[in-house]
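Chains here go by letter, A, B and C, matching the order in which they are written, and residues are numbered from 1 within each.
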Amino acid sequence: MTELVWITLALPLVGVALLAIFGNKLPARGAGLLASLIMLAAFGAATVALILLASKPEDQRQVTETAWTWLSAGDFRVGFDIWFDQLTALMLMVVTGVGFLIHVFSIGYMKGDSQERRFFAYMNMFVFSMLVLVVSGNLVQLLIGWGLVGLSSYLLIGFWHHKTSAVKAAKKAFIMNAIGDVGLAVGIFLIFVDLGTVSYSGVFASANTLSETQASIACLLLLVGALAKSAQIPLHTWLPDAMEGPTPVSALIHAATMVTAGVYLIARMNPLFFYAPKVLDLIVIIGVVGLLMAGAIAIVQTDIKRIIAFSTMSQIAYMFVGVGLSAYWAGIFHLFTHAFFKALLFMGAGLVIHALNGEQDTRNMGGLRKLMPKTYFCFIIGGLALTGIFPFSGGFSKDAILGAGLHVDSTIGWIAYVGGLLGALMTGIYTFRLIFLVFHRRMSPYAEKVAPPLIKHHGEGPSSMLWPVYILALGAAFLGLLQIPGVTHVMSSWLEPISPYGMVEATAGQEWLTTLIGSVVGVIGIIIAAHLYLRENDAPERIRLGRGRLIAHALERRCYWDNLYEWMFERPTQWAASFLNRDVDATAFRWLPTDGVGTITAFFGRSVVVMQNGIVRSYALVFAVGIAGFLLYLLVRGT
Amino acid sequence: MSVGIPMFLAVSAILFTIGLIGVLLRRSPLTILLSLEIMLNSVNLTLVAFSRQVGGSDGQVFALVVMGIAAAEVVVGLGLVVAMTRRSMVLDTDELRTLNG
Amino acid sequence: MIKAPDVNWLAIAPMMTLMIGAFVLLLLASFIRGRDRGLGTVVGLVALLASAGFAINLWSEPATTTMAGALQIDQLTQVVTVLIAGCGILTLFVSFGWNRMRENGAEFVALLLLIAAGMDLIAASNSFVTLFVALELFSLSLYVLCAFDGKSKASLESGFKYLVLGTIGSMVLVYGAAFLYGATGSFGFEAINTALSKAGSGDALVILGTVLVLIGLAFKIGVMPFHMWVADVYEGAPTSVTGFMSAATKIAAFVALARVLLDALPAMRDTWAPALVIIAVVTMILGNISALVQTNLKRMLAYASVGAAGFGLIAIIVGGAAGTRGLIFYLAAYAPMAIGAFAVISLHERDHKGIATLDSIRGWGFQRPVAAVSMIVFLLGFAGFPLTVGFIGKFVVLGSAVEGNYTWLGVVAVVASVISLGYLLRIILAMFDRGAKSGVMMAAAPGMGSLNLAIVLCLALVLVGGILPGLGLDWAADAAKSLAAGR
């Protein structure tokens, strides 16, 4: 069975190699087809692996295998380990399955781009990185995958490297991820120092020897990594900017996979987090604050992709709440459904952007319902799933998390519950605001001019772009049925064993109650959105300029986080750099030409090298001096 | 007077130094090779002297070996000098410095 | 009747094969003029492979001494034989297309085989006499090989310089050996060791001898302040020879040093260890700094080689099982990177029809992407980037340094690595400088194929070694046990 995992892992790598070496010789469509076929094959292998795993008895569903040992020094042993259990299997399916659909979508979306081949090479590389992260059986390998994922994200966000905004966004994403990487790395060091091992089996077995402080510090550092990768407060500012990348990138990386890596990390390391309950509480708080803040900001965004981006941030915050409450299965379940409906929404947005020839500002949209009925339908499904209306998938998963909060019945639990419901309200508002702004109301002059001819010519999109969207819509609609409270519990029972200390799960009654309230709250949100945005209405503008002036301003400035970071980091660093450059380097080292340290080093180099004048006997002289020197040194040391 | 071993050692040290100074001061490749030979032979002298002191003949045998190798060295060295002459290179090591830095 | 010494022919088969191969080629040389290259290379490959084959065959034999104690054949010998054979084979591939090969190929290969034989004998030496003879065998042949390109004044100059300075080094070595002989009564390593451990190490003769031996070997390795020959000789010699020198002479010289210091003179540790420490630190830092100011690529890598030699000294200073294992693996790791890097430079020289400098390679990476990417891997290997075998090599040496309470040496080594990035990255960036796409790619010339083959082989070795080092580390550990200090 592990051979299948190997195959799944190796296929995208092969894809990258093929595209890198032979890419130029392939026709443009060829690159996309090759990449997608590889993804399909990987998905197939992952599915078979899952089935094989499922056919094993429940207590044997944890397969580990060490391929080889890369480094070993004393106690420290790092190798290429595979850890294949229920969680891994699920993540593999999500990454390869949704990845495959997005690859197919990209064939149509990226058509005509001169760098298509590079795009697909990067996409395959990203999938490979994510797989390395997910199948890893030790923390160092996880870190390697983590870093590779960050790199792939950087390359893909900045894919259109002639767009300065894209390059800036890529850098921002990479730097913030690097901060997270440092936290993660230091956390891993700490774990090694405390426990003497970095393999999962070793860590899990000996986690109980840690004191609460040790576990808390380690988990806190791991959390830093997770926050950066998953774009949660306070390391979240890169995500909205990351929308500069092509839409399939946003769909794959910034909705379905990379940003969920943080959730995966916490779920995977749950035996460790069990011993740091305060950190778990912190996770819940961060989650609640995040989901509320992001939801609020989403309400005022005008760029179609940024609305969805903040929505992503908000939904991942839900996942964090889920794992923070120790309802790991619920957090992962939401990860699973979110992958579908969020990718669906992004791809739908991609269809709209495509139809409007690149326009992303919702103020230039409107009334597209008649022109793009299929897209509209998918948006509705995605929107309902996102808002969490019964019986769509998002509802089941989100309510599983909230139900857990109810079940736990502590302060934290109640904070989660109430915050989550409030968030659901906001979700309804911003989601359907988006739908109404894009598909209802009057068409904007721009849309009227551009859309009809394009759509008449190409239809809503080529079939390669449409049928992945349909498949995702099916998933968004029906996957919730995997976990109907009290009826089916595929998810919770499947994922139960990954946590040796048990998981929180609400009772069927609590679940249904939550579902009811959640759906009602969601519907209320939809109604509010309809009231404000369905027809032409100046109410939103009035609120924005009137009573809601301060809040609107804050939200539009994304709650001032970017300003804060600019003040805290960008300005001081630039000031220090220019100070060093202007005042220190130039004045203190004025007597040296140009730059200081480099010149000094080069000076030493030249002084050493000046002895090499090419004349043999002067070399011999240096030798003789050397000999004499050592003999002298002998005398001085005393014989 | 019986010449003690230390005398031999002193002589060979002086010879070694002379050879070394020869390499340091002379510019003609041939003279440098000559100086190298002087150094070689000073080492031979040391070997023989120690062999006398230690007893056994190991040192003397080694000295013979060194002589053989010295001969080979000279062959190579002179061969190089001849090749340099053929390429009309000036036989002055101070001018022989295209490779530097 | 004089009793002939007892010779274990099987044990010395690797060296014998090489020497027989060399003699065969020298005899045939005048008969096969014009078909030199092909026949010479074939014979050379056969000889090298045979020697490696014998060595692998002998791997599981217990250590023996032969030739009346002059040689000790143990696992270290076998490892070195295989490594040198590998270096030799790669060098044959690199030099195959060289025009001088067509004229004097048989002699070139013959010399190469003799050098290999000499290096193998160094690894098998059990006495100063053997060590000296083997050292001179390989050195003399190498002087000739450096000067091989008779048409190039630089080549002759480099050969001559190497000869003069190398001879001084050898003389110092023998002088030191003489003093040790005077103090202990023997040239054999084991005997010296026994005598020194009994008598104590305070004797002036012994200390003098130790220091002189150390200096002599330091010449050969090319560490500061005895490194002056390295840059000039590496620059002037034909590039394929430079690659071989960088890899193989380092192996041979280090093994010589290891045999001497760890087999014969472990009792003198207090004398030679502090000296080596000073040498190592100075070499690592100044070697890499000197490389920074170079523009000629061969010279730059020559200084890098000096810096790398300094790093290798750390392993000897640490000694013990970990240190010696680290040394052997590091040397083995260094070889493909060095040969590969110089092979790429050779390829560039052929394209460019001139000397390889930082300016000449601007933009060249785009014409020869495979070679340029391989070069990136080799250079990153020098710096010690993970996934290259260079990283593993540095890791085991630094690991042994930390275990052996020489952590601060490790820190210096890391600083030196950072400095090395200054010029290594410059090469990489220059290769892919978009602003300067030079000329048209030369049509493939005969022999390009084998050159590319060599580059790819080196690349494979570097990457495979970097990802799956386990087997290599085990072999290095086994070989290390052969050294007295490694047990």
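Convention: a residue touches a chain if its C-beta (ideal position, glycine included) is under 8 Å from a C-beta of that chain, and two chains touch if they have at least 3 such contacts.
Everything quoted here is computed from the prediction, not taken from an experiment.
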Write down the pair of chains with the top C-beta contact pair count.
B-C
So which chain is farthest from chain C, going by the mean of the CA atoms in each chain?
A
Whole-Å distance, C-alpha centre of chain A to that of chain B, is 72
From the mean C-alpha coordinate of chain A to that of chain C, what's the distance rounded to whole Å?
48
With centres defined as the mean C-alpha position, give me the chain B-chain C separation in Å.
26
Please output the residue numbers of chain B that touch at least 2 other chains, ranges allowed.
20, 23, 32, 93, 96-101
Multi-partner residues of chain C (at least 2 other chains)
160-161, 164, 168, 231-232, 294
Check each residue of chain A and list the ones that touch at least two other chains.
609, 612, 614, 616, 620
Going by the contact rule at the top, pick out the chain B residues touching chain A in the complex.
20, 23-27, 32, 93-94, 96-101
Can you name the residues of chain A that touch chain B in the complex?
609, 612-617, 620-621, 624
Contacting residues of chain C [partner chain B, same complex]:
128-129, 132-133, 136, 140, 143-144, 147, 150-151, 153-154, 156-161, 163-164, 167-168, 171, 174-175, 177-179, 181-182, 185-187, 231-233, 235-236, 294, 296, 299
Given the complex, residues on chain B that touch chain C span 16, 20, 23, 29, 32-33, 36, 39-40, 43, 46-47, 49-51, 53-56, 58-59, 61-62, 65-66, 69, 72-73, 76-77, 79-81, 83-84, 86-87, 89, 93, 96-101
Which residues, counting only chain C, touch chain A once they are in their complex?
160-161, 164-165, 168-169, 172, 202-204, 207-208, 211-212, 214-215, 219, 225-226, 228-229, 231-232, 271, 275, 286, 289-294, 392, 395-396, 399, 403, 419, 422, 467-470
